[in-house]
Amino acid sequence: MTMKTVFKKTSGLTDKPTHYCPGCTHGIIHRMVAEVLEEMDILEDTIGVASVGCSVLSYEYFNCDMTQAAHGRAPAVATGVKRVLPNRFVFTYQGDGDLASIGISEVIHAAARGENITVIFVNNAIYGMTGGQMAPTTLIGQKTATTPFGRDASLQGSPIKVCEMIATLDGAAYIERVSSHDVPHIQKAKKAIRKAFKTQKKGLGFSMVEVLSTCPTNWGLDPAESLEWVKDSMVPVYPLGVYKNKEGGEN
Amino acid sequence: MTMKTVFKKTSGLTDKPTHYCPGCTHGIIHRMVAEVLEEMDILEDTIGVASVGCSVLSYEYFNCDMTQAAHGRAPAVATGVKRVLPNRFVFTYQGDGDLASIGISEVIHAAARGENITVIFVNNAIYGMTGGQMAPTTLIGQKTATTPFGRDASLQGSPIKVCEMIATLDGAAYIERVSSHDVPHIQKAKKAIRKAFKTQKKGLGFSMVEVLSTCPTNWGLDPAESLEWVKDSMVPVYPLGVYKNKEGGEN
Amino acid sequence: MEKKVVFNEDICKSCGLCVQVCPTNVIFLADYLNGKGYRPAAVVDQEHCISCAKCAQICPDTVIAVYRPVKILQTV
Amino acid sequence: MEKKVVFNEDICKSCGLCVQVCPTNVIFLADYLNGKGYRPAAVVDQEHCISCAKCAQICPDTVIAVYRPVKILQTV
Amino acid sequence: MGKVLMKGNEVIAEAAVHVGCKYFFGYPITPQSELVAYMARRLPEVGGIFLQAESEIAAINMVYGAASTGVRVMTSSSSPGFSLKQEGISYLVGAELPAVICNIVRGGPGLGNIQPAQSDYFQVTKGGGHGDYNIPVLAPASLQEIVELTEAAFDIADRYRTPVILMGDGMLGQMMEPVEFKERSEQEKTEKAWATTGTRGDGGPRIITSLELDAEGLEKRNWSLQQKFALIKENEVRYESYQTEDADYIMVAFGTVARITMNAINKARKNGIKVGLIRPISLWPFPEKPFIETRDQVKAYISVEMSAGQMIEDVRLAVNGHAPVDFYGRTGGVVPTQEEIYEKIITIAGGVSV
Amino acid sequence: MGKVLMKGNEVIAEAAVHVGCKYFFGYPITPQSELVAYMARRLPEVGGIFLQAESEIAAINMVYGAASTGVRVMTSSSSPGFSLKQEGISYLVGAELPAVICNIVRGGPGLGNIQPAQSDYFQVTKGGGHGDYNIPVLAPASLQEIVELTEAAFDIADRYRTPVILMGDGMLGQMMEPVEFKERSEQEKTEKAWATTGTRGDGGPRIITSLELDAEGLEKRNWSLQQKFALIKENEVRYESYQTEDADYIMVAFGTVARITMNAINKARKNGIKVGLIRPISLWPFPEKPFIETRDQVKAYISVEMSAGQMIEDVRLAVNGHAPVDFYGRTGGVVPTQEEIYEKIITIAGGVSV
Amino acid sequence: MLEEIIIAGFGGQGVMSMGQLLAYAGMLEGKGVSWLPSYGPEQRGGTANCAVVISDEPVGSPLVTMPSTAIVLNNPSFDKFEPKVRPGGLLIINSSLVVRNSDRKDLKIIELTATDVANDLGNARVANMILLGAFLEQTKIVTEDSVIESLKKVLSEDKHHLLDINKQALKKGASLVKVAIS
Amino acid sequence: MLEEIIIAGFGGQGVMSMGQLLAYAGMLEGKGVSWLPSYGPEQRGGTANCAVVISDEPVGSPLVTMPSTAIVLNNPSFDKFEPKVRPGGLLIINSSLVVRNSDRKDLKIIELTATDVANDLGNARVANMILLGAFLEQTKIVTEDSVIESLKKVLSEDKHHLLDINKQALKKGASLVKVAIS
C-alpha cells in the first residue's frame, strides 16, 4: 500500500529538541510559524528576532537567520533589520511579558510607524521563564509569584488587551487574536499567521498575531487542564478575532 | 462705582514670569490647571510632576509641591508618589514628545493599572524644547527639523492618537481631548481638567486630558496663526471629545 | 474711573493674542518696550471695555486682570 | 503494514496532549522511559488510526509524523 | 526571634522590611526574582505597597517618586535590568533622593546567563550613569551580613540623601543560611523637611529637581555633591582584614568570593604560606587604609574576582605602585573554587623569590 | 572638496556618511540635535535611512538590528540619553556587533543642563553597562579631527566587531570650524560573513546572540572578548604629546579642554615654565606609554577635566606612584578658561620645590 | 566536622528540598550550615543540584567542588559528580534510575533502588527521603529527629498529612543502608 | 594676529549669524577661525552670544573669556561683557538699545544707534550688519568683500534678495565708524 504524507515535521524547524516544558504550546506556535515560512517559500529570505522569555532559545529552533533582542526590544531590532533589508521578511516572536510589559513602547511605535514586520505575540498570561510572575495580561484573580493573593484590579490594574489597543493605530495593517487550545483553533491560528506574513509580503505595514498560549508549569496545571483554562478563562477575557485587516480577503 | 473682580491671576501660580515663547499656549494650560487646583481647594494637597520638555520648569510656576521626572517617566514618578500618599492629588504635566514618544510605556501602564492620578497631556505636534523635531503626533506632511521634507506616513508612520489608544484600557477612568485655540475651547478645556481632578478625587482611576497646544516658535508661525493652525490642521486629525468617562455626569 | 482691565506690563510678551480676541478692539500694543524688550499690550479706552475677560483667558502669561462695575440694585 | 503514525520517541515529553486529542484513542503513554526520562507516547494499534493528524497538530514537540494509505484508483 | 533558614534574596527583602522599608517597586529577573516575590507577600502584612513595575526603568522612577515623599523605598534587579536603571540612578543622585537599589549580579555582557558574577563592579562603583557622582556600594559576604548591611544601606541613604547600592552575586541571592533579625536598639531617624508631600501646614512649595540650567549654578550643586561624597569617604568605609598582620601576600576579594578565598587562605596557612585577606565591604568608598598600612611590607596583592578584572583597578590605585598587584578571576558565571585559588597562591608564593 | 565651515555635530554626521554609514537611528537631545537633523536631510541623498526612534533605547536596539545585517550604522545622544543605552551597548558587545555611538556630553548628573562637560568619562570608559567589557572611545579635539576619528571609529568597529564610542563635549558639538573631507585613499573592507541577511545561498542559518546559559561556555566567550580587548589595546592606542620632552610638569587633557590647556601651556612656556601636554585621543585604550616614558622625569602630572575628576584615575594608574598626580577641573557645564589653567600651572610649579 | 554534600537529579525529584531539610536540621542542632542551588535552563525536567555544607564552625564557602558525599538521582548527575567525590568520600545512588556503575575504589558507595522502594511504600515521590534516610544512617551528621522536626517547618500546613509517609521513607532508607553497603 | 570676539544680544537679533559671517570670511581668507555659540534656556527671546576667534595660526581654544572685541546689542550683554574686554580692546555698542555707559578708560568704545539707522535703511533686522561694518572698518580683520562673499554662501537662495540691504548696512556701519570713535 502506498502512503501519502499527511503530516511531517517542517523544514522550517531545526532538529534541535526544544527546552520547553511538557505540553507547553510554545512548541505548537513555533511549528505553525515555521510551516508558514516553508509553505510561502520564504525561509531563506527571513530573519527572525528572538526575544527574552521562554522562547529566547527559539533562535536554535527556527531554521532561518535569527538575531536575539534585549528584553522587550524585538520590534526595534526588527525595525533595524527591516529598514536595511526591506525585501526580506522579518518577524519577532515575543511573550506577553516581553511585548506587553517592558516592551509595549517598542511594539506600539513599530505599529504606529507601519513598520512592515510581523509580530508573533504569545500570550500565556504569565512570565514563564522567570518563574511565574504577573504579566500585564494576567487575569483578574489569577495567582502568580507576584500576585500571591490573586491579581486585584484595584492594586495591579486590569489586563491589557494588546490587539484592541494596537488596532487604534493607523500603521497597524493586520491584527488578529487566535488561540492554541484545540486543533480547530490551532488551524485558525496558522491561517492568521499566514495572513500576517502575506500582509508583510504586500508591504501593507505592521502585522501582529496574538496567540493565546499555555504555561502548565507556572499555572500549576497539567497540559490538558491548561488548554481547558485557555478556553474557559482566557478566551472570554481576550476575544478571538480580527481587529484590523488592511490585507482584505477572507480569513 | 464698586468693581467686582471678573478675572485675576490665580494663587495656583507663583509670581515667576514664565520662560515660554510669546503666544505659546503652555501658559494658558498652566493657568487652567492652577485655577482648578485653587477652585477645588486642593493646592495644598497636590504634588505635581514636571516632565522634560518646554514645561520642565513648570515646577517654578505651579504654586504647590512639585517633583521633576526624567524624560517620559512622569507617570511612573507620579505612581511612586501616589502609592505612598493615596490621599493627595497627583498630576503630571507632559508634552507629546515626553508622553507619546519616549514615555508611552509609562503612561499606558499607569492607565492600565488604573493609577489614580491625572495626566495633563500637552500636544503641540512637535518637540518644542529641543528645537522642533518630529513628535509621534506630528501631522502628515508637517515639516520639522527631523522631517525636513514633511512627515511621510510610509517612512515615519502616522500620528498616534493617544486618547483613542488609552481609552481601550480598563483602568482609564476619564479621557478627554480638548483644545486651547480660542476662548470657548479654552473654557471647555478647563472643564475637562476639573473633571479629571474630580475623577481622581472620587478614586475612580486614571484620568487624562489631552490639550491641543501651539508652538509658534518651531512651527514658524506667529501666535495668532498658530491658533488657526490648531483649529484648521490639528483638530481634524485629533477629534475633540470625551473618550472615557467613568465619572459620569455632564461635561 | 477705575480700570476694568489692568495689565501687568512687565511680564507681557507682546504676543498679541489679547489684541486679536478683544470684541471691542480696545487693546493695542504700546509703542515702548518693557524690561524684557517687548512692546506691552495696553488699553487706554477703558470705557469701551465690556469686562468680558476674553483677553485674560487667552493671555498665556496671566498679564491681565479684569473687573466689572457693579450696578447697585435698589431693593424695595 | 506500514505505519500511519510514527513517533520520534526520543523527543517526546509525555505531555499527553496527543493521547487526549486522538479521536480513536489509539495513543497511549509507554511504560518505559526515553533518554530524557519521559514515558513516550506510542501507538500499537496502527490500523485503527484514521490519519487525521490531530495528534501531530497538537503535539508541541513535533514528535509525530502521519501518513495516509492511498487508494489506487482504477482509471479506465 | 531566633535563627531562620532563608534564601539570600529573601533575607534582603526581610531585612529591608525590618528597618522600615514599606515600599518596593521592582521587575522580575533571575537570579533575584525571589526578592520581588517575597516583597509581594510580605509588604501587605506591614501595610506597605509592593508594585510590580512594567520595567526596570519604570521601577527606578517609581522609586524616585516614592523617595520624593520621604519614605524608605527600595528596588532590586540584576545586571541587564540594572543597566536600564542608570538614567534614573543619575537622577536620584542629582535630586539627592535616598533609596536602596539592589543588584544581584549575573553573567554578562548582554543577556549572558543567570549564573553568579561580580562583573558589574565597574558599573556600580564608577558611576554607570552620566555625570559626576559616586554611590555608596555595600557588598555582603554572608546572609547574616546582608541583614546588617541592608540596615546600614537605608541609614546611609537617609543620612546623606543618596541612593545606596547593595551588590551581591547570584550565589548570595540563591543560597540559604541561618540568619537572625535582631531588634534594632534605636532606629536612626532623619528629618526629611525637603520631601514633597503637599504643602498643607508645612511652609510649602518644595521642589525636587536635578535641573540647573545655569552652568555656575550646576557647578555649585556638583561641588556640594562632591563634599558629600568626601564626607561619605570619611565616614562610611567598611572592610575586614583577615590575617594580614604578618602576611607576605594579601588576597583581595569581596562578597561570596571572599569566603571561598578565605578557605584557600586557611589551607595555605596550614602549609606555612603567610597569606591574608582584605575584604572590601564598601566597594565605594573603597577601603584604602588597609592597603596603605600593608603595602610596604607585602610581596604582592592578588585580587580575586568573579570578573575579568575590575576591582583590581581600585586595588592598584590604593597600592599606588608600592607592591605588585596580581589577579585571579573567573567570569561568565563560573565561580572560582578554593582549589584554584589555593593553586594561585602557591604559584605566586613560589614565583616570587622569598 | 575644499574647506567648509560646519558645526561639530554636523561634521560628525557628514564624516559618517563620508565613510559609508547609510543608517542612522537616533533621538533628539541637546546639545547634539543638529547631528540628528543633519542626518534627516542628508541620508536620503545617499539612499540611506534616517529614522527618529521613539527613544534612545529603541534607537540603540534599532542599531543592533541594523548592525546584525552587516551595514555601517550609527546613533548618537547626550548624557541622559546615553545612560539609557547602557543595556543595549552591553548587548552589542556581547553579540559582537560593530556600530558607532556618539556621546556629546552635557552637564550632569540627572537632567543637569545643556552646557559642555566631560563628566561621562567613567560611563564611557569603564563599561557603563553590565558585564566584563571595554569599548574603544575616541575623543576628538577639533572638527578636523572629528573627520579622522569618525573614519577610524567605523574601521575599528568593523575590524574588531565591536561598538565604538565617539565622545565629545557640548562645545565640540556646537562650535564651527573649517573642515575638509578628503577622498579616502582606500576604504577598509571587512568581510561580514556572520551577518544575518537571510540564508539564500549563503550556507545558512546564522545566529546573533549574547546568551550562553552554560557558565563555562559564557566564560569562554568572555575570555575571547578579553583577547580582543587586549588586541585593541595593542593596536588602537592614540594620543598626542606636546612639549613633553623636557617638561617638568605634564598636563593631561582631552577634547576641547586640551586645546584650552595648550593655550595655557604656551603662555607658561613663554614665562619659562617647562610644561607639556599629553592628550589622550583614545580614552580607552588609555595611552599608558607616554606616561611610562615620562613618569620618572616629571615633577607632577596635572589632569585637567570638565568633571570633578574622572580621567585622573587612569592617569594615576598609568603613573603608578612614580610621580604626584594633581587635578584641575570645572564641572556642571562650566568650561575652564586658559587663565585658570595657567594659574594652576603657576601654583603647582611654585608649590613644588624645583 | 565538615560535611560537603551534593544532591543531584532531575528537577521535580525533590533534590532541592532534601538539601534544605539537611541544612535546616543542621541549623536546629546549632551547626553551621549552608545550602546552594544550581539549576539548568529548563523550567521543568532539566537537571538540578544543590550543595549543602554542615560544619561545627560557621560555614566558609557555600560552594562545594569536591563533595564528601554525593547523592545522585539520575544518570547525568552520576556522570557529573561521581568523579568529583573526594577520596574516602561517600556516593549514594538511586539505582532505580541510574544505570551506570562506578569504577572508583576509593569511595564508600551505597546503591538503593529508591524509586522502587518508594513505589512499594505507595508514593514514588518519597524516593528522595529514602536516600536521605540512608545518608543519615551512614553519616549521623544530624539526627533523624532533627530532620523530622525540620520537615514540619518546611512542609506547609496543608501538606502535613504527608509527614507520616516521609518519616516512613526516612526509616526505610536507614534500615536498608545496613544491608546495602558495598 | 589673534582676534577674540564676543557678539552678544537677544536671540533673534542676529548675533549668531554675525559671528558666522565673520568666521566664514576669515576662512575664505585662509585664516584660522572658530565660532562657538552660547544660549540661554529660552527658545525665543532669551539672551545669546557667540565667540569668534580669527587668527593667523590654527585656532587653539575656541573659548573666549577675555575678548579683544565685544559687540553688545542689549543691556544684559553690556553688563556681562563690558567688564571682560581686555585692556586696550574694543567695545562696540548698539546704543539704540543699550542705555548703560562704560566707565572703562582702557578701551576703544564705539557707540552706534544701529537699530535706528537700520530702521532708516528700511529694515530693523540689519542693525547687526551695521555693527559688523563698523567692526570691520575699525579692525580690518577681514575685508568687506570676504564678508559679502560669505553672505552669499550663508544666506539661502530664496533670501538672496536681501543681499543688497545687507551690503548697504555694512557700508553704512563702516562710514559711521569714522565719525563715531569716541
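Going by the order they are written in, the chains are A, B, C, D, E, F, G and H; count residues from 1 in each one.
We adopt the following convention: contacts are C-beta pairs under 8 Å (C-beta built on N, C-alpha and C of every residue); 3 or more make two chains touch, one makes a residue touch a chain.
On a predicted model such as this, the values are computed, not experimentally measured, just so you know.
Peer 1: Taking a step as a move to a touching chain, how many steps at least join chain C to chain E?
Peer 2: The fewest steps needed to get from chain C to chain E is 2.
Peer 1: Counting C-beta pairs in contact, does B-C beat B-F or the other way around?
Peer 2: Ranking B-C and B-F by C-beta contacts puts B-C first.
Peer 1: Between chain A and chain F, what is the separation of their C-alpha centroids in Å?
Peer 2: Centres of chain A and chain F (C-alpha means) sit 40 Å apart.
Peer 1: Measuring centre to centre with CA averages, how many angstrom lie between chain G and chain H?
Peer 2: Centre separation, chain G to chain H: 86 Å.
Peer 1: Where the CA atoms of chain D average out and where those of chain H average out, how many Å apart are those spots?
Peer 2: Taking the average C-alpha coordinate of chain D and of chain H, the gap between them is 88 Å.
Peer 1: Can you list every residue of chain G that touches 2 or more other chains, as numbers and ranges?
Peer 2: Residues 41, 45 of chain G touch two or more partner chains.
Peer 1: Give me the residues of chain B that touch two or more other chains.
Peer 2: Counting only residues that touch two or more other chains, chain B contributes 21-22, 56-57, 68, 70, 101-102, 104-105, 109, 129, 131, 136, 156.
Peer 1: Where in chain E do residues touch two or more other chains at once?
Peer 2: 51, 54-55, 57, 80, 87, 91, 95, 110-111, 209-211, 213, 335
Peer 1: What residues of chain A sit close enough to touch chain E in their complex?
Peer 2: Residues in contact with chain E: 52, 56, 68, 70-72, 101-102, 104, 127, 129-131, 133-134, 136, 145-149, 155-156.
Peer 1: Mind listing the chain F positions that touch chain E in their complex?
Peer 2: These residues of chain F touch chain E: 57, 79-80, 82-84, 86-87, 90-95, 105, 107-115, 117, 119-120, 122-123, 126-133, 209-223, 225-226, 307-310, 313, 316-317, 320-322, 330-335.
Peer 1: What residues on chain D touch chain A, complex-wise?
Peer 2: It is residues 1-2, 4, 8, 10-11, 13-17, 20-21, 36, 38, 51, 53-54, 56-62, 64-70, 72 of chain D that touch chain A.
Peer 1: Chain D touches which residues of chain A in the complex?
Peer 2: Contacts found on chain A: 1-10, 13, 17-18, 20-28, 31, 182-183, 186-187, 216, 222-224, 227.
Peer 1: Per the contact definition, I'd like the list of chain A residues that touch chain F in the complex.
Peer 2: Residues 14, 43-47, 49-50, 56-57, 59-60, 62-70, 73, 76-85, 88, 105-106, 109 of chain A touch chain F in their complex.
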